[in-house]
Every structure is written in C-alpha cells, then in structure tokens.
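Both of the next two complexes hold chain A, though its partner changes from chain B to chain C.
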Partner chain A sequence: MLQSPWSRIGMRNLGRNPKRTILTALGLAIGFFTSVVMVGWTQGLMNEMVDNATGLVGGQIEIHDAEFRPERSLYDTIGGRDGIDVDQVLAQVSDDDRIIAVAPRVYAGGLLSSGDSTVAGMLMGVDPEREVALSRFLDDLTAGRLPQPGRNELVVGTEMARQLESDIGDELVLVASGADGSMGNDLFTLVGTYRTGLVEIDSAFAVLPLEDLQALVVLDESRIHEIAVSTQDPWLAEEVAAAIAATLEGEALGTEVVPWSELNPAIVEYTALVDVFYYVIIVIVFGLAIFGVANTMLMATYERRREFAVMLAIGATPGGVVKSVLYEAAAMGLFSLALGVAITWPVMVWWHNAPPDLTGLVGDIEMMGSVVSLTMQVEYDMGFTTMVAVALMLTSLGSALYPAFRASRVPPADTLSGL
Partner chain B sequence: MTPDDMRRDVRTENLWKIYQQASEEVQAVRDVTLTIQPGEFTALAGPSGSGKTTLLNLIGGLTRPTRGQVRVADHELSKLPNHVLARLRLNQIGFVFQAYNLLPVLTARENAEFPMLLQGVSAEERTRRVDELFARTGMEGLEDRRPGKLSGGQQQRVAVVRAVASKPALVLADEPTANLDSASSDALLDLMDELNRDLGVTFVFATHDERVMERSRRLIRMVDGRIDSDVIRVG
Partner chain C sequence: MARIGRAHRLTGLLTLGCLATFGTASAQIDPLEIIDQVEQLYRGDSSRGTTTMQVVTENWDREITMEVWSLGDDYSLVRILAPAREAGTATLKADQDIYNYLPKVDRTIKMPASMMGGSWMGSHFTNDDLVQESRLINDYDIELSFDGDRDGIVVWEFTLVPKPEAAVVWGRIEYRVRQTDYMPLAVSYYDEDGELARSMEFSDFANMGGRVIPRLMMMRPADKPGEYTSMRYEDLEFDVDIDESFFSLRALQNPR
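Presenting the complex of A and B:
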C-alpha cells in the first residue's frame, strides 16, 4: 500500500460507479475536444485568412520607395539611374532561406475599354514567371494563359471581364497617365482571366507584363514601384523584413521594407482578438463543465458520508479527507484527459491532413479583405492544447473543492448513527 | 503521548449531552460520572434510547458534551481542537462499529493498516502486526479481499484488527455483535476477550446483546441517559 492512503482511496473510488465515472469523464473529455478542435479550426481559418491576405496577391513583405504609401503615386519609384539596382536587390533578397520568391511590380491607375464598356482599374505590371512563384492569384487561370512580354497581352479578373463583356481573344483599350505627363493608350489582347473570389480584386486588377506597362506609362525600364517578397511563414514576415532592411541599409536609401502586419494591421488586430477568444472558449466550456462535475462529486461524496465519518472517527484529520476527495478529482481529471486525448487526437490528425470540405454548403467567405474557404482544416497548437489540459485538470480539482470541504465537515457521531 | 499516558483511565464527570430536535430538547446523557480503569472489559447495556451509544461517542470524542468533562489518557476532550482530537483518537482509541464500517475500496489488510498508516508506522511493522492479528483472528488468506467479498463475521474481525492494531489504550465497540449470528458473535467475543487479556486493551461495549453482557467483567446499565446500575463482576 502507498505511504499515503488518500491517493489510493481517491483513485479506487473512481471505479466504484464506472457508469457515473465514464459519463463525468466524457463531459470533461468532450470539453477538451470542443476547445482543442474549435481553436484548431479557428486557427486553421485564421492561417488561411492570413495566408490568402498575404499570399493571394500582395506578398508578405513589400519593398518600395519611402513615399510610395499611402498614395501609391506613379512617380514614387525605386530603381532608375540614381536609385537602387533592382536586379541586384532581387538577387540579394532571394539569398535568404526564409524567402520563397521575390518579384518586381509596377502599378498604374487606368481605364480599360471594350466596345461600349469602360471600367477603371489598377494596371499591375509583373514578371509573370516570378509572379507565379510569389502570389497565387495567377496560378490557376479560369481561362486562357499568362501574358507574354512585348505582345501587348493582359489578363483580367472574371468580374472585370464580365463588366467589359469581353472574352479571351478580345481586344481592350488601355488608357493611363504617363510619367512624363502624357496620356498613354494602347490596344491589348485579353489572353486570360483569373478569379480570387474577392470582388474588389477580380473587378479591379488587370495584369500585364512589367515592361509593357512601363512602356504604356512611359516609365524607365529600370524603375519599378515595388518588390514583393513571400516568406515561408507569414508570421516570419516582420523578422525577415527587418533582416532585409538591415541588408539594404546604406545602399537603398529612401526605400522602406514593410511586412504585411504593417500593411494590414486589421488582420493582426483580428488575430489578437481571436487569441483572446480562445480563452473565452476555455472559460465557457469548462465553466459549464465545472457545475456538472461538481454536482457529480457532491453526489458521490454525499453517498460516502458514512465512510468519511469512519475515517474521521478512526483518526483521520479533516485535511486527510479533503486530500482523498482531491486525489479522486485529480484521478478523474487524468482519466478525462486521457479520454479527451483519445477522442481528439485522431480527429485532429484527420482534419489536419484531409479536412472535410464544407464549401459546397456556403461557398467561399470574404473576411478582412481575404477569402476563406470553409473547410474543417485544423491546426495543431501544443501550447493551447497544454493550456486546455491544465484547464481540464483545474476544472476537475476546482469542482471537488466544495464537496471535499463538505466531506471533511461530516459529523462522525451523527453520521454513523444515521442522523 | 507517552506509554504512561496510554495506560491512564477514562473518566467522565457530570457529563450531559442534550440534543435539540425541532423544538424538543432530548437529554441523551444525563449527569454521568464514571471511571473506567485500564484493562477493563466493560459493557454499557440498556434499551434503545438509553444513551449508551451517545456516551460511547462522548468518550471517543466523536461528539462534544453539552456539559461536564470527559478525560481520556489525561486529556480533557471537550477542550481539544478538532485536529488534536483526531490525533488523540488515532493514537489512543480504536472503534468497532455495528455495521463494520470498513472502507470498501481497501482490502482487508489495507483496512487493518489504515490507522497505522496515519500514525506513520513503518511498512514492515504494519505487516508484522497485521499478520499476527490476522493469524489470531483466523483471517489468514483473506488479507487481499475487499469487504464486499467477506462475510459479516469476517468483516467485524477485520474491524477489530483495525481497532487494536494501532495499539490504542481503549477500544470502543458499538453493538459489535448486532449484525452477527450467534456463532460469529461468540467467536468475536472470544477474540476481544483474548485481546483484552493478552494485550491489556481496555474494551467498552455499547450493547443490548445478552451474550456480551454475560462475557463482560463490568456491566453498566443505563436508563434514560443515566447510569442505573454499575456492577463489577469477578471473572
């Protein structure tokens, strides 16, 4: 027998009413499952949201002229005769192992016309090969192919194509202000359409080769507006941006390196809010569970009043009785935790690796300027899972405090005489 | 507690226990003054409601007197705080109950060892004492059974072993034979008599079992909370 009899009594008491023990443990285990899966799913959605917000079009880091934001003026460029060597910067930045892709971009506001239809849009000049490696919106065109340099080709979003009543092969007139004050215009052939699911992108962005846009807006070919950078993990962006800024310091005066968290602070605030929401989940789930477990513990200890009276009569202190109930609660907590892990782990692995797709039910959801597809994609979070495990144990122990106190206050004489 | 303390007698002086039941006052024990010498084998007899169990509970420190004093091993129980009272019960008093009251999740051996564990007796010593007492009580081979797998007589024998294994000065037994058949009752009384004679343990019974009264060497009869007669018999 153990030196302390309380642990043995506590643990064995769990086996006295197996149905009740299993039901109570299931309550806690389902609380564990609910918390871990809900947070895992929310994190999956958040990751997708951040990933889409940064990876769909923008990139996780932007390097541009310090004056470029927020007006995004045609004239605030990097490169040129007196500026940085764009090719050298692209090569330098690409050296970092945490960086997946780097791509130069040129932007210009303009009008696109086809027949009687005209829409205002953002003309985006890209290096198609680099852009495909960096962003995702051109990965799977809904129709056609990517534009090729020097052939006056472009792709537009499906919504813009609809508004222009244009199809692949149609010619579009592009009009844009030139950097020299002139008004540039030219005829371009629509060779492809893309769809992100975000109307504000699908209706606004026309993508054409970098040099074609530079020619349209009379911008020197060594001048660009932005170098977009994608990192392996969006949450590395700040760290990588700081490293890039340090690398460029001294040789790229007047440029700024901005991580997505600075460009889109609403998402950062939203993720911080969601982090707080995780604690709310724990409090609600285990706050509800504590009453159920406390009720069960109270019933269980009430049924054993006579045993507590015997313990107290033969020399146990009230503290000893409290210990026996708390050991029982701890054993209940550990059993519930094991049950919870047994239920949760396979589901987490399944939903992480092959998440059920619910997009058929509600389609894609736009959130915080990003598009989120409704799948049950869950992410593992060992830190949070540990926190839930601790919350489960504390719930089990917390729910036993009052029953333990009551048990320790059982009057031996009255209880043993059946009063 | 010194060994000398353990040998001291049990005294009650002008002891009263009054319960309040609804608006009615119940005088369960009325002005009882009594001395029980070390090594006595005493029966408190009387009809139901005569106050014998309440007196036993007062002597055992399970309930506090309304008035008067109880002294056990030179300690005035009514003045002791709960934790000291618990310690005193652990070291000085053993209990045997009518309904056996073994802890159902512990085996016979673990039940018997329970008070010694609380006392901090070494595992070796616990095993030695329980083995010896189980051998004396015919419980050999049943050490690992839980109470649910033992007969009433066997459970009461484990309860007696539990009561005496921690070497108390006093064992209080409340109707120990009430739930036993006559053969089991006789065997249990033989056992307690033997432990009383061999180990010098003081036994006080609350009983209305004639066999217990016959075997006792002092018979105190109670009526309506008072001592009606107190007879010491030579045996």
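Presenting the complex of A and C:
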C-alpha cells in the first residue's frame, strides 16, 4: 500500500492538520470502545444470568422420571416404584469428561412450623457433599453449617427463616404427606441459612439430607426424584443431555433428561435477542460516527480543492484522486483502530479482572428465574471485537466515499483560476 | 369437615321434613327459604361421633378411625383413634383457623392460609372444607333447576351460582335433595370454567342419635377416576355437654 503514490499522499494528509486528525480518530476510537465495552458488559451479565440460572440451584441438566414434570408428584420417582440403585446410576451418568458433578435429590411439599409461624415450603433432600460440588447456593451459607445425615438437621433460605422467626439452633416441625398416605412429621434443628437473592427460592426451599427426607415421607432409599448434573459450560448442556439420555436408554428406567435450555427457554430466547442487539449497538454507534467523519473528510477535501485541481491538471485521473482520499480514510481508520484498542484494551482487562461493583447502588436484580448483580464484569469476545474493528474501517472508508467523489470532480481550470 | 358438620346439621332436615307441607307439586318452592331453614336448623347443635374415613388413591389406600366433636358452626375437633401410628393426631377448627396437633413431636401447628386448599389428612377433602363457614344463601344465588323424578326418587335440584362479590372457590354447585324427607343425595362442585371438579354422594340413611342422617358420604375428585374418600358414621350423638373451652389449643394438646 505504501508503495503507491496515492497511498503516500493519503497518509501524508493525515499529518496536514494533526488536531483534526486526532479528534476524528478519537471519535471512531470511542465508538470502538463503546461498542466493545457495552457488548462485553452485556455478555458479562448474560453469562452471569445463565450461570446463576443453571449453577445456583438447578444444575444444567435434570434427570427425572418421564412423568415427574410438571406435577412433581411424590410418587414419580426415577425407575418407578422400584426405584434405582442410586450409586450405580450416579456413577453411570457421571461417566463423561464434560460433567463436573452429579447429585441426587428428593422433593416433597410440606409445612415448616416454629412457634406460631407456619409456612408452606418445598422440602429438598440432598446429598450435602455432592450438592456443594454441583450447585452454589449452599457454598457460602449466610449463617451456620450444612446439615448432617441422621441428625434431623436442615438449612432454610434467609427469607423462610425470617418468616418462621427462627435462628440457628431453633427447632422446626416438619410436616409432609408420606408416600403411604400418612402425615409424616418430625422435629428438625435449623443449623444454617442460605441466600440466593431469588425470593422464590429463599422463601420456599428447605434443604435436608436425602435420607432424612426419605424417612419423613416414607420413601425407600432407592427412590429419588431427580439427578442434577452440572457441565463445564452451560452451552454444552444440550449435547451432554443427549449423551446421558442415550446412556440411560439401555436401563429402561423411563427417564427424561432435560437440559436447562428446555427448563428455562426464556433465557435462551433472551440470549438470542441480546445477540441481535449487539449488531444494533454497532449500527447505532458507527451510524452516528459516520456523519462526523464524513463531515471532517468533506472539509478536508474542500480545503484541498486546489491540490486536487493541480493533480488533475497535470494528468492525474479522477480514479487516482478517489484512491488518494480513500487511502487517507483507510489510514485514518487504522490510526483510529490503534487508538481505540489502546483505550479499550486496558479497560477491558481491568473490568474483567476487577469489575466496578455497582450492587451497592441497586442491589441484585431478578430476571427470568435467575439473578444478576451489577458488578459490571466484562467478558472478552474476540469475534465481536473483530467485527467492531471491521465496522470501524468500513465507517471510515464509507464516510470518505462522497468526499472522494467530490474531490475527483473538481474542475481544474475553474478551481485554479479562483472561480 | 364442614361437610361433616353439614351432615350433622342436615339431620335437622328430618324435622323440617315433618313440619313442612311442601308437596311434590311444589309450585311455591322458595329455594332460598329451604336452604335458609336448613341452615337455621344447624345452629347451636353440638355433637360427638365416631367416623371411619377411607381414602383410596392411585398410590395407596388407608382407613382412619376418628372421633369428631362439633359445636355450632365455629368449632370442631377431630382426633385420630386408629391407625396406632397416627393415633392422637388432632385437627381443631376454631372460627377461621385450623390447628393440627402432632403427638409424635408434641407440637401444634397452625395451618397457613396458603395451605387451605390443600388436602386434609391425605383425603380428598381440603382444609378449606373444614373452615368453610360461608352460608350458602349469603354467597350464592340459588335457583330450583329441577323438580321431579331421578332414578325413581322424587327430588329437587338446586343450582347455586356465587354472587359477584362472594369470595368462594366454586363456580357453581348443584345440590340434589330428596323431597320426601329433605335428605341430601348429591352435591356436585364445578370450577370457574364450568368443569366438574368433584362430587359428593350421600347414602345409607339411618337413625343415629335420634335423627335420620346419611351415614355415608363419598367424595370423588373428577380429575382422578377411581379415587375417593368415604366417611362413614359409626356412632353419633347430639346435644352433648361441651362448650367452647373444649375447643381450645390446650384441650387440643391434652385430650380429656
């Protein structure tokens, strides 16, 4: 490029009015910065949303009896009334490198009561060790510790604890319909509280060891309602689910293997919508920039009318003039891009590793069964960044098209005679 | 349990039947008046009885024997006698509230409002059925919808539609009453979409405690074919010597 006289002329003209060049380049560079950071931040939010929707409580894949959803009946356990060899099926399911953890669960609707307060809740029986490896909501208890099997202990969400006016160490009465029709009831000790930020979970889920819940609702130890699975990447869930389904097919347990994208399609749709929105950001940002740059280029070429007239008078072709202006625009684009990267890169690294935390201002935000916090963490996206770079170059070149055309049509004689 | 109470109260219908002069040519039937008189007859009654409840579901069936006390519309107490595992478990209805006493843990819990639609003791009756205090004539517009012969029995059928402002569960209730002695025969409950939700049948009319009552009540949910809850009176006495203190939380925990 630098070999051509036109490119040399174009490059040289960038230095003709350095202030103007820098201001124009800054406009484009800030456009680049805005697009990349906005999208990075949105992706950070989306990642957190997907991550929380799948990692906080649910897991990315759920395995149930085919009849379990949507009623979630106590009787619809995996493998029907006979149940399954839980350890064997867990081992079978987890035999996949993409799977991080699997955990068995038992659910039962019930009442929790303390003193004069009684609330209806969902009793969730878990294997505490496996559950901590799989989901995050029990990782950092707001108070106390995890329940231990065989000791009638449980943890509840902070909101449920508030409704029950209970603290760590208090006794709670649990009442739940047993699988034999009896009214199971027993005393449990509250040993911990958790908080997810999702009120519907914090106010509704009481977590206790699997075997204790099975005893309360008269379910055999082979009978569980769910195996939750977490994978390395939420977006792997669908293919891993298909693989698990294929594995379990041979067992003829009558199970369904459901990835989170099927359980929470709203998030998938929202993610797709946001992906489209990224392009809207590019169009808006560079759409604004293109007029600014075009104006500058138009002024710059107008100033150089005499120069173009001389060039044309001594035999330059209009195409050559167009080339020189476009080279100038390309050089401007590259300079802007370099400036943009120089501004954007440090900020991206900074906000990726130490994001400014705005949660103190607005708190957590609940969205579509998930929760996001305004930590402003940005995600890198090389694909999108490249697209923004291309958009910047196209903006620069596009905005020069009309000025270049005008420059090539300068009438040499009239211009040089001062008309 | 209001159904049980209602059954008690319906026993008064016999008296009404004797007093009433309505014939089958009942051109002058005033449904409101009939229902109102029926309800007036219930008031002030106290009773004690033993019932056997059989619950049959897709997944299990079981039989529970229980002792039932009632006082007027506001109070009732049910205490399980058998099976042994649940003996002593008791439900107290006092005004609008329901309390369950659980002998295993020696605690009493109050049923939260959100659970009032839930099953009572695993049966097809809801907690709400126990506290339902609404007087039909207050909450429903009542019309005579049929007057004639059904399966060889001369009956009236009343259609009850909730008044616009009434806070009730059902979209419509159909009530079938035997004309000869004013015994209830069947009640069908329809949801707001007009779909049959559940139906109750009364049978085995017998003299108990000096009154004729339907000894057997059978509740069938419409969406679960084959399932039912039956409630059968083994014995029943009226005007027993109990007062409000019998229906206290303390009495619930320390049965006499």
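As a convention for this text, the second predicted complex is superposed on the first by the 407 of 419 C-alpha atoms of A that agree within 3 Å, B and C clash if a C-alpha of one lies under 4 Å from a C-alpha of the other, contacts with A are read in each partner's own complex, and residues count from 1 in each chain.
One rule holds in what follows: a contact is a pair of C-beta atoms (placed from the backbone, for glycine too) under 8 Å apart; a residue touches a chain by one contact, two chains touch by 3 or more.
What you see is a predicted model, and the numbers here were worked out from it, not measured in a lab.
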item	value
Clash-or-fit label for the pair chain B, chain C on chain A	fit
First (chain B), second (chain C), both or neither touched by A:75	second
Touched partner set for A:8, first chain B, second chain C, both or neither	first
Winner by number of chain A residues touched, once chain B and chain C are compared	B
First (chain B), second (chain C), both or neither touched by A:116	second
First, second, both or neither for A:37, with chain B first and chain C second	neither
Partner chain(s) touched by A:245 [first = chain B, second = chain C, both, neither]	neither
Contacts of A:182 with chain B and chain C, given as first, second, both or neither	second
Touching partner for A:414 - first (chain B), second (chain C), both, neither	first
Gap in Å between nearest CA atoms once chain C and chain B share a frame through chain A	82
Interface residues of chain A shared between complexes with chain B and chain C	none
Complex contacts: residues of chain B adjacent to chain A	53-54, 57, 60, 62-63, 82-83, 86-87, 89-91, 94-95, 97, 101, 103-106, 109-110, 113-115, 117-119, 123, 162-163, 166, 174
Sites on chain A touched by chain C in the complex	75, 111, 113, 116, 118-120, 173, 175, 177, 179-183, 185-187
Chain A to chain B touching residues, read off their complex	1, 3-5, 8-9, 12-13, 15-16, 306-307, 310-320, 411-414, 416-417
Touching residues (chain side chain C, partner chain A) in the complex	55, 57-62, 85-86, 89, 100, 102, 104-105, 107, 109-112, 114-115, 118-119, 121-122
